[in-house]
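Submitted below is the structure of interest, expressed as structure tokens.
Just so it is clear, A, B and C label the chains in written order, and each chain counts residues from 1 on its own.
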Amino acid sequence: MESIQAKQGLVGPNDPIQRTQLPYVTGTSVVALKYKDGILMAADMGGSYGSTIRYKSVERIKPIGKHSLLGASGEISDFQELLRNLDELILYDNMWDDGNSLGPKELHSYLTRVMYNRRNKFDPLWNSLVLGGVKNGQKYLGMVSMIGVNFEDSHVATGFGNHLARPILRDEWHENLSYEDGVKLLEKCMRVLLYRDRSAVNKLQIAKITEEGTTISQPYALKTFWGFTAFQNPTAGAEGSW
Amino acid sequence: MFRNQYDTDVTTWSPAGRLFQVEYAMEAVKQGSAAIGLRSKTHVVLGCVNKANSELSSHQKKIFKVDDHIGVAIAGLTADGRVLSRYMRSECINYSYTYESPLPVGRLVVQLADKAQVCTQRSWKRPYGVGLLVAGLDEKGAHLYYNCPSGNYFEYQAFAIGSRSQAAKTYLERRFENFSESTREDLIKDALMAIRETLQGETLKSSICTVAVVGAGEPFHILDQETVQKLIDSFDIAGTEEGPAAAPDSAAEGGSAAEGGAASEQGAPADEGVAPMDI
Amino acid sequence: MTKQHPAWSPYDNNGGTCVAIAGADYCVTAADTRMSTGYSILSRDYSKIIKLADKCVMASSGFQADVKALQKLLAARHLIYQHQHNKQMSCPAMGQLLSNTLYYKRFFPYYSFNVLGGLDNEGKGCVYTYDAVGSYERVGYSSQGSGSTLIMPFLDNQLKSPSPLLLPAQDAVTPLSEAEAVDLVKTCFASATERDIYTGDKLEIVVLNKDGIHREYMELRKD
């Protein structure tokens, strides 16, 4: 009886444990930087099913508690499960009601442990995570990869962002960026990614976190220019047999 | 032999709604040599009286460092105290392994109280026979808690536990209103004075007391004997049989406290109206 | 053609080079601050050296997540040691602990390559060098990590350590003065950075001697 019932579900109690060996729906780069008053973070809203852009309104930046922002690339479902776990963590943290709270530094350390423990179980969360925040006047920005590699920096970017956005950031970033200049810099990065990353879509959110709190922008599009002759006739000057 | 028929195991209620085994555990705290604690906005000082078991032995350690930001002073069964401080140490290490930040004191105290509470509700266990003064620092500043065998815990500005602690409590009650703004040195001075109150005429020497401090920018540490002796000398508070600082009224209070202490040592029933658990 | 899909490995090599040199009354430990993955640089300012005890530092390269786990474990074990013994762990004790910790994961190893530098109980410089599964040896100087193949032969040539086969055993500490050792380390890294793409950005040097601990930095090539 039990085995018949089990067969009706997707996974029975005696079936081998399933682990994520390949991602299904994925998000592409997240780019984030420190600026004068806090952290700015940008990510587009595409969700790719292999090379198909299957979803176009995926929120990949979320606030965690009062002092932190979490951005993710990689498997969307893993990210959403992680968000549920973090929601519970923050809930229990608030329930102490003792004036102590988990800041970005603590959350980054916690996420590092989560990601590393899952890789130790050969059951990784398929994400690159970016954690930014401000607490007690301290700005914090860090990254964790799916196998637990983690570090802090003044600016970070996941996936293609590390190749295409970070060189721009290394060129133009400085400690005293104003909010406007920070957004401009992020948009410049996101535009390059939009042009060069095939799974990027032109619908993005930019999030800001300061001592005052978190704001995540409404989705918006970047102005693009596709009129370059190389775009209109990509084979000009490189004619092949067909 | 037995006081009554409701005290043979922890989980049996008396018709008056009391748990006698738990109350006996609370009594164990009063048998131990005294421990005191007091805090300002930024610092907490713990102190205790060291009593050797025999002329031939040294005394047992009664103040333990838990982490850089937390320490405890104990009164009662020292063996139970060691077990609990080991538990607290491992909780602190685990928390900072996960979050790379110190465990908030208040949370550790609740975990500790929950651990003690379990022992009051299991037939095959016994309550811990130790009271802990937990001193610590967190985001909200300095804290001093008292954890007792019943699973209750309280936050204090200043407190004393153990034998003849009533005298120290009386001293602290007279002065606690100034502690909040006290300097570190004044806190230590008051700690030594409070310890002296529990000595009943015996001279205050660094060899019979331990003092520990934790505060903003100062990790928890036990002051070495030399430092303590220097402080005693500089404050000129060693005291003698008839301490110069002992005002007539406080001497009277000390007398009554001594009676209370003697009574508890005989295991006489506590005041019928108040269950000692509430203290 | 089979469909390509992303695979994952539980390991990565984040690169980096570590060097430690022991002298009669000092120990110099150094590592670059670049962290890479494949051909990309993740960070140009990631410290690979941690202080494990008053007279003991560890420099580690390899897989950063494993290194971090190892560092945290050792830090926790050192805290427990301090609670139990009321003192700091000595460098030789930490050396043994590190070996045991690495061997404990013999069949799912920490992919980390460590050198431990410090002062022993006599105040003499000491260097312990390890493989990923815990074999270790006390030496006079050592190098580990991505640039070690470039640096180790150079140190062999410059420091002319007495053969470990000599009987009775000769002291392994180097004859250099502290300042000379620091200069030698700087030269090593400047050279390794020329050829090893995983070494660069900045050099962090930690010097331990009877006056305590002291850190200094030198810029390296960033390409």
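Throughout what follows, contacts are C-beta pairs under 8 Å (C-beta built on N, C-alpha and C of every residue); 3 or more make two chains touch, one makes a residue touch a chain.
Keep in mind that this is a model prediction, so the values were computed, not measured.
Summarising the inter-chain layout, the chain whose CA centre lies farthest from the centre of chain A is B.
For the pairs A-C and A-B, the count of C-beta pairs in contact is higher at A-C. Look at where the CA atoms of chain B average out and do the same for chain C: the two points lie 46 Å apart. Averaging C-alpha coordinates per chain places the centre of chain A 33 Å away from that of chain C.
We define each chain's centre as the mean of its Cα atoms; on that basis chain A and chain B are separated by 50 Å.
The multi-chain contact residues of chain C, meaning those touching 2 or more other chains, do not exist; every residue touches at most one other chain.
For chain A, residues touching at least two other chains: there are none.
Residue numbers of chain B whose C-beta contacts span two or more other chains: 97. Interface residues of chain B facing chain A in the complex, by the touch rule stated above, are 97-101, 104, 106-107, 110, 138-140. Listing the residues of chain C that touch chain B in their complex gives 72, 76, 79-80, 83. Taken in their complex, chain B has these residues touching chain C: 65, 67, 89, 93, 97.
Residues of chain A that touch chain C in their complex: 21-23, 112, 115-116, 119-120, 122, 124, 126, 143, 145-153, 162-163.
Within the complex formed with chain B, the chain A residues making contact are 96, 98-103, 105-106, 109-110, 113.
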